[in-house]
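Per-chain residue numbering starts at 1, and chain names A, B and C are given in the order in which the chains are listed.
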Amino acid sequence: MSFRDAKPTVEVEDLHREFKGKEGTVLALDGVDLKVREGEVFGVLGPNGAGKTTMIRILSTLLLPSSGSARVMGWDVAKQPEKVRPLISTASGAERAGYDYITARGNLWFFSQLYGLPSKLAHERINQFSEMLGLTDYLDKKFYTLSTGYRQRVTVVRAFINDPKVVFLDEPTIGLDVMTALKIREFLLKQAKESGRTILLATHNMAEVDAICNRVGIIDKGKILACDTPMALKRSLGAPALVMEMTPPPDSASLEPMGKVDGVKGFTSSIDEERGVGRVQVVVDSDESAQGAIDFARKSGMNLISNWRQQTTLEEVFVALVGRGFREREHESPS
Amino acid sequence: MNPRASIWLKTVYARTWVRTKSIYGEPLWVAVNVGFPFFTSLALSLLYSSAGLKSGIGFAFLGGVMVSFWGNVLWSMASQFNWDKQQGLFELYITSPAPISAILIGMSLGGILGTAPSAITLAIIGWILFAPPANPLWPLVAVTFALTLASLYAMGMALSSLYLVYGREADSVNEALHEPVSFLSGVYFPASLAFPAALQAIALVIPLAVGMDALQRTLFSLNSTGMADLTLVYRDILLLAIMGITLLFAASKALKILEEKGRRAGTIAVRLR
Amino acid sequence: MSYVRSLIASIRVGWARDFGWTNPILGFSLKTIAPIASTMTALTILYIGFRNGASITPDNFPSKLGFIVIGATLYAHISSYSWVPTLAIAEGKWTFVFPQVYVSTKSSPPYLAGRCLASFASSTVTSMASLAVAVGISLYLFGVAIPLVVTPLSIVLFGLALVVNIFASMGLGFLLGAYAILASKFEWALPTYVSGILMVFSGALFPVTSLPRPFSDIGDVLPFTEFIRASRAVLLYDTVGPYFYYLGLSFLGGVVLLAIGLLAFKYSEERARRLGVLDRKVV
């Protein structure tokens, strides 16, 4: 599905944001350019501290940029926040925002009123979205009695109740069980497809991005490193990744030179404690590079027990772009 | 109706509803809120008795009633935005089209309606237990009470902006403000009979002090002839009106400035957790 | 040894929490100002009674002021640290500290006792400061010097009374904590009620004997009443014999209250474990 012909709903140009603190200045966003179109689910993927939340905060009018411009539905977020706010909503996985002694329904109705919704319409939407998210039986329970998963469902319903054109979601499924996370993702997809909403999803959950995003922007240290569909990003690496297993697991020092092998973009390592096997995933740009990595492992004295090629993951794309994995090595070798 | 006016009214109503529902939906709240003010009023009434001034008992219970509202202003108005910020609610207010003034007024109305049952209960208990002597001028009592509440809650709105900036230790600031302001305002006693003129003049900048003076005069008639000094009552009424309007205006302006500062510095959504 | 280690660590944590301000002077001032104000309220009422009533003479007015200033200050002192266990539990459930403490080797009693002791230390400092300031303000406002007996002996004996009162206050703290651990809401409600009851029945502002029976009898059996009486005996009336009598009663009552508090707390912990509310407010 191409969004090229759809009108842009979020436009970011050369966006910068720095924070001055006691320990110096931190550059959270360093010249971000982005265009997201109507009906698109756009993922912003990056590790903690990459700038994802900062960007969401600027677009949702919580934060002013240091320089550059950002527009939502054509309105400038810095200079015209009052025009932007009726058209957007935000939800964060870190929030469990609600009044404890009010029911879930009462909380949702309350937030609908901040957007001027007639009560009847508000309740219709509450019922409709709650049914989609399996929340109906919990609507009349007091907020403080709800579990984490159900509070998050309430948060997600709240984000859509005012019929926003653009929704900013910051890690909406963090800390949730698989079923709840799946339900929320299905809901988000439906909202984008059927209602033409633009959804900007900041996350570091690769599976989530793979599952529902039309395009992904990979961000690190305040810069967008790549921006394309998940499939295109994976294909951009060329050959699928090489996976090698060796026993005993090699230590970090002996693995380090792997990164210098011709054609190797980056690698991650982990240990399978049960089998006593070390696993190294190498992002390569060609079959020759893969062979080079295998040769290096053998020449270094590592006991290679198996190797194979596997479909590139988004994590490998990230590693290739940034040079480090999301997950550091899970276990240090005993000294 | 104008869409902006509609959002404003809906927001006021919704925020009032949330606050009153939180309180009335938990019947224990009334009992909980009555407890400490009742025992304080009781202890001070017994102190008045042991000091040979049974006629002072009315001041003790009037003080208990007003302390309920003052406590609500501090703990549920001034601190509220700070707590909302911790919960992630404040940023939802900022990113919505609802004006902050509407949320504040909703909080005030809800606070008044929610505190009223405990205040009324306390007044009734005090009346039943002690039947304190009183010479109420009811129309003036009603006017001064309404104006006192209005300016108290306007002060709460103004404080809420300060708390947003300095409210990391909101509980400690509340504890620090609660008793000293009660003392300076003569909540439990007629300050005009105890404080030197200079201290009384200083206290007149506190809406609670002005309100207490007016209420005590209109309820208990403070001068030696047994008649309330109406000049001073009218002075208090005028002061309360001016304070209320000034504080409302200051609150609105302060929050706008703080929102802008918060957006610039990136502190609107900062939470302790 | 690990019990003592837990206790000491908890005292340090409690002290840091109470006085770990970026600006210690500001922190100290904020903590002192409330007890000063509440003491001054009571003193001012007495003053109004003196000026407008008939039962207080210029001769006995200063000692009546002394009666109240000691009672009000010590009441604030008792109130502030006896509900620390409630605070520690409520806050601890919210921050997940309490469940971590519960599952540790010596579990929660040394933690709560340590927090109590830290608060005892901080509230002793702030109460004494507020006592001194209240005496000063009274001199300015009422032109009367409160005749407190401040000698090395009176200070030592008063200090001893403060220490003996720890038993009673900690016992009360554990009793309130027993409620807090099971409460799904309004944990702070019971401590505020108890604070209010203490204000009436501990003889803080007026002699307990001025209450009608059986209320005066209730006041008489409270160890807090005896503690305040013992303190007045040395700081106001300069009488050592009655001091030891009241101190003895305070100690006995305190030990009994502590035993009851610990038993109640143990029972509540077990019940909370059964109900599944040690690490949350509702199941």
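The working rule: contacts are C-beta pairs under 8 Å (C-beta built on N, C-alpha and C of every residue); 3 or more make two chains touch, one makes a residue touch a chain.
Being a predicted model, the structure only gives us computed values, none of them experimental.
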Among all chain pairs, the one with the most C-beta contacts: B-C
Chain nearest the overall Cα centroid: B
Chain B and chain C, separation of their C-alpha mean positions in angstrom: 28
Whole-Å gap between the CA centroids of chain A and chain B: 45
Distance from the mean Cα position of chain C to that of chain A, given in whole angstrom: 52
Per-residue multi-chain contacts in chain C, two or more chains: 185
Multi-chain contact sites of chain B, meaning residues that touch two or more partners: 26
Interface hub residues of chain A, defined as touching at least two other chains: 101
Residue ranges of chain B in contact with chain A within the complex: 3, 6-7, 10-11, 13-15, 17-18, 21-22, 25-26, 87-89, 91-98, 263-264, 266, 268-269, 271
Parts of chain C lying in touch with chain B, wherever the complex brings them together: 21, 27, 29-31, 33-38, 40-42, 44-56, 64, 68, 141, 185-186, 189, 192-193, 195-197, 199-200, 204-207, 210-211
Residue ranges of chain A in contact with chain B within the complex: 17, 19, 54, 57, 60-64, 82, 85-86, 88-90, 92, 94-102, 106-107, 109-111, 113-117, 142, 158, 162
Residues on chain B engaged by chain C in the complex (per definition of touch): 26, 28-29, 31-32, 35-36, 38-40, 42-44, 46-53, 56, 60, 169, 172-173, 175-176, 178-180, 182-184, 187-190, 193-196, 199
